[in-house]
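Given below, in the form of structure tokens, are the structures.
Two complexes are shown next, each including subunit A; its partner changes from subunit B in the first to subunit C in the second.
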Partner chain A sequence: MNPAALLHDALLVGAILFALGLVGILARRNLIVMFLSAELMLQGISVSLVAWSRHHGDWGGQVLVIFVLTVAACEAALALVFVLQAFARTGRLDAAAWQALREANLPRAVDHGLPAVDSLPLTFPRLTPAGVLPETDDELLQREHV
Partner chain B sequence: MSSTSPLTLLVLVPLLPLVAALVGVVFGRRLGGWAHLPAVVGIGASAVVSLALLAGTAERVKSAGTGADSAAPVSVEGVTTLWQWATVERAELPAALPPAGTGAFSIPVALRLDPLTATMLAIITCVGLLVAIYSTGYMHGDPGYPRFFVLVSMFVFSMTMLVAASNFLLVYVFWEAVGACSYLLIGFWYTKPEAARAAKKAFLVNRIGDFGLAVATFLLWMTYGTLNFHDVTLGDGTLVPGILGQARLGDAAGYVGGTIGAAICLLLLLAACGKSAQLPLHVWLPDAMEGPTPASALIHAATMVTAGIYLVARCAPMFMACPDALAAVSVVGATTALVAALIGTVQNDLKRVLAYSTISQLGYMFASLGTGTLLGFSAAIFHLVTHAFFKALLFLGAGSVMHSMGGVIDMRRFGGLRRIMPVTAATFLVGSLALAGVAPFAGFFSKDEILAALHGKGWPHAHAETHEAGPAHHAAVEPTVFPGANTAAGARFASFRRADDQGADRSPGTLDRPATWRILFWMSLVSAGLTAFYTFRAVFMTFTGPTRVPDEAGHHAHESPLPMTGPLLVLALASAVSGWWLFATHALSDFLAATPSFAAPAVAATAVPHAFHVDLAVQGSLAAAIGIVVAAFGHLGRRSDGPQMERFLGPLQVLFSQKFFIDQIYAALIVKPLLALAYLAALVDRLVVDGLVDALARVPAGLGAIVRRLQSGLLQRYALAGALGTLLVVLALTWRMRG
Partner chain C sequence: MSDLVAGLSPGMILSAAVAAGALGLWLLLPRGQRGRAERVSRWLGAVLGVTALVGLAATGRRLGGLGEEAVFLLVSIVAVVSGAATVVCRSPVYAAIWFALALTGVAGVLLVLGAQFLGVATIVVYAGAILVMFLFVLMLAQPAGLAPYDRVSNEPLLSAVTGAVLLGLLTLAIGRVSAGPPVCCRLPSKAAALSGSEPAELPAAAGDALAADHVARLGAELFGRHLLAVEAAGLLLLVALVGSIAIVSRGTADSAPAGGRAAS
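Let's look at the complex of A and B:
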């Protein structure tokens, strides 16, 4: 196969992976998904590195990729710990749950309702409500957790 | 006799109070009611050493005086150099220096011992000891008890160093140090606004005088190329003649006259005016009475304020080269004596009467110094000694009254205290008799000598005749030997004698005329009468008449305890006999004549035989008697409670009680304009300078306010910003690579 074409294809795959990861990070608010997207970007770069390494006949790129994998493994462990801790504090995996860390006098970003999607109403088994429903202030709750 | 032993002792004199002060600083709080121990022991030991030194020096003077047979004056001095404080090799030297200049500027920490220093040391430490003992009673129970004794010890250390220093820079250092101690003691009760203000005033007014001393020191260095009093022999054998060393004293042309010489002398006089509260810088001393009374007695009556007298006396040969400067000393002194005495006559605050009296008596000493005769110089120091005794006594007596009257010192509010406090009354009376110049108390003799010195200048021929009448006396007493103390005597022997003739016929200055001296003499005589008047006015108002006690004293107005009456009795004894004893034996004047500054040919040539001037004694006593009689007429007995005399004065009363409006004039001419300027400067500072700085400070804050809006707390936005930023960088790189 034509080495240039091989490089071309490999770089394309890397770029696609990177772009997917980037979109994932920018668009999704679930911390775990964001983390996965970051890994995806990393792998996209790794693919490019391997491709260039092969193209130039230089093992340096591949060695670098091995390092990246190692570091990514460690980083994954740490990141998962952070995500777990964040979940333990807020009870949510939403990154926007941490927007209380913004500058004090800025307004809170409000989620606009999504366009209505036809779907089956989810039904869960419910216990009979008992007692008074406590009033909760979402913002206050988050600040306390932070 | 080896010269090391007395000079080692000399170091102890300042050292012991310094150690006492340091011990007081470290252990003062822990000692509590015993905090006076280090000070009393330290100053006491120092006093013993000083007296030993005085005796030793007197012995040396005596043995030097009997050894040889020449007609030159005796001179005794010893110098010990502790260490070199600062040495600047190859310093810039003025070109006009005598060849002895070596080009090295060095400040040795050198202490000297000569009759003048020994006398001053004995006075300082003895009065200091008595005041320290007195203070154990007076300051008892004061929250600042340990602090007071630390300050007193510090003061004694500084003052002894000041009179023992053999270098103008050291003199300047300790000149400032005693000023600092004075400031701290005036403001001892610093929570009292008057005391804090008085301390500040004393400090600022003294600054003017200190400025004079600083500039005089610079001029001395530029003129003489050294600041030492004593001669220094360098390692290579060259002799650097000190400003007041034997080499220069013997040299008739040793001292610069003219403009520079007069400038140095007048600047020194300015310094002396500041420290010794002479016109026009006297305004701080009456206010300084806000301090504790023992401090007033020690610092503002007996010792520190005499530093100016000491300085001028020490620099006597320099002043002799400038007759006008010398006459200026007298004019300042006699004017101050008269003005302060006039103000003193209408004061109603007992301590302020004494304060103005101090200013007046210091004026006497300056008037005497300015005569530029050996008699004048020794009379000034004589009066300094007796004044230290009787004024300390009077101040301590006033303190005793104040102690018993619950802090009240206004004489109109108490009276007839002799029945309540007999010891204080008796000792105060002795002090007053001494101050008023009543024979045979101390002030009579010293004042008589001062009047004689002034009279001798005003009517020179009359004195020449008187003295010729008693030639036998003359020959018998005049000191006539120069063994050259501890420098090589032979070489300088001749020059000393040759200079004798030249000193006598110096040209008189414009001020230095008999007419001037006659006016000064009459002014002094009037002051003497006024002194007697205000002193006895105070005595009569305080101690005679019906017994009246202010409410503040409560029901326990009583005689002061033994620690306070003891020093009073000792000082009363000294005030009673010291004048007569020192005058009759000529002990002090013969002793002082051996001071190198007074043994200088220019000074020694003016020596006149000791004589008791009956005519002057009669005039002085008459003035004192008139003063006492007038005071008795106005204030004795039942009249003791009010301003009986003032109604005769008319408008003068306002003039006197407003202190000749000097404070108001200073306020209008100096204080108010300076305050206005300061206010203006503050305004500029607040509006312009601070405004600029604040404007600069607002720039980052404003920028921050803009950028701060990006901090949304939303992770996605940060990520987007990062991605867009990276994109920008990539685009820029791509564009550059293509271009």
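Let's look at the complex of A and C:
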């Protein structure tokens, strides 16, 4: 196997994974998907490190990847705790729910053209009509699902 | 196909591939569109993404044997395609599943690179992480349909362009680095050892990564030269554990009396 070509191709794969994770963490708003994107960036880094380790014929890169795994485990524990707390406080997994923390000179992010709830038609079971029509609590039905 | 690729300069192929990738990612990212528009942009984005992938694969080098090349291509395509799907999937459940598949691809790449222990450890460690992620999604996700924040993105065009610019610069740098002589010649590289330009005198601790007793050598290196770092990593794990438990318990202790006061 051509070592230089293997290094080049593996570094390319690592770079693509890192760039994809970067796009995900910049663009997505779900906190869990943002977390997965961060993990994807770490995977790209791991591939690059192992490629260099193979190229230079020493263990430094692989040892570093083991530490990356360790730090990723710590990061997962803390990040999931924060996600859980954020969800407990806002009822949403939305990063924009915390935009009150933004800089004072930045504009507020507003969602355009989106209904507040997913407007799937509500379907009810077909039953034999009996008695009076029950009153439906519109506010309860239209409330955003938690 | 090959003479068409040969007729173009590598820089043109690279920039076209990166631009196609940016446009494809922009089309694939959730932008609040629905129905037919969403389907059309998904298909267009997938086509553009595959184009970008082919272009980037054209900038890659030939690995040598057909079998090696096929295996590497397979695992790297699995990793990259499922990584892209992780990023663009609307539902966090599907994102977690795609991420698991991306991990499988990454583990395959690591195995091809000769890191047997890390290839297996990635799957073992992240299987637990994915399971936890699933539990979180099941606990927290919306039971009915997708949430509004899953159907929109922050600045999808700018994000995709940022990623594409980063990828283009990285690819250029990679091509320059791996074309020249090894940057760091402190340890004799495998290529130099094979070509005989440098005496292949590897230290006993830094053995060949492809040796049969791979895990034993990795463990000796880890617990020999990096023993202090291992201790520090253990301390880091302990601190993260204690910290996360402290944050969880303080959060519930804070919110419980507040809820009680609000009720009363």
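In the analysis below, the second predicted complex is superposed on the first by the 108 of 146 C-alpha atoms of A that agree within 3 Å, B and C clash if a C-alpha of one lies under 4 Å from a C-alpha of the other, contacts with A are read in each partner's own complex, and residues count from 1 in each chain.
Throughout what follows, a contact is a pair of C-beta atoms (placed from the backbone, for glycine too) under 8 Å apart; a residue touches a chain by one contact, two chains touch by 3 or more.
Fair warning: this is a prediction, and the values are worked out from it, not measured in the lab.
Under the clash rule set out above, the superposition-derived model of subunit A with subunit B and subunit C shows the two partners fitting side by side. Within the superposed three-chain arrangement, the count of touched residues of subunit A is higher for C, of the candidates subunit B and subunit C. Of the two partner chains placed by superposition, subunit B and subunit C are both touched by A:Arg29. Judged by the touch definition given at the top, the superposed model places A:Gln85 against subunit C, while subunit B stays out of reach. Look at A:Ala96: by the touch rule set out above, it reaches both subunit B and subunit C.
Of the two partner chains placed by superposition, subunit B and subunit C are both touched by A:Ala109. Superposition on chain A leaves subunit B and subunit C with their closest Cα atoms 6 Å from each other.
Residues 22, 26-27, 29, 95-96, 109 of subunit A lie in contact with subunit B in one complex and with subunit C in the other. For subunit A in complex with subunit C, the touching residues are 1-13, 15-24, 26-30, 32-33, 35-37, 39-40, 43, 46-47, 50-51, 53-59, 62-63, 65-67, 69-78, 80-85, 87-89, 92-96, 109, 111-118, 120, 145-146. By the touch criterion given at the top, residues 25, 29, 32, 56, 59-65, 68, 72, 76, 79-80, 83-84, 86-87, 89, 92, 95-96, 99, 102-103, 106, 109-110, 112-115, 117-118, 121-122, 125-126, 129, 132-133, 136-137, 140-156, 158-160, 162-164, 166-167, 170-171, 174-175, 177-179, 182, 184, 187-191, 193-194, 202, 205-209, 217-218, 221-222, 225-226, 229, 233, 236-237, 239-241, 243-244, 247-248, 251, 255 of subunit C touch subunit A in their complex.
Residues 708-709, 711-716, 719-720, 723 of subunit B are the ones that touch subunit A when the two sit in their complex. Against subunit B, the residues of subunit A that register as touching in their complex are 22, 25-27, 29, 34, 95-96, 98-103, 106, 109.
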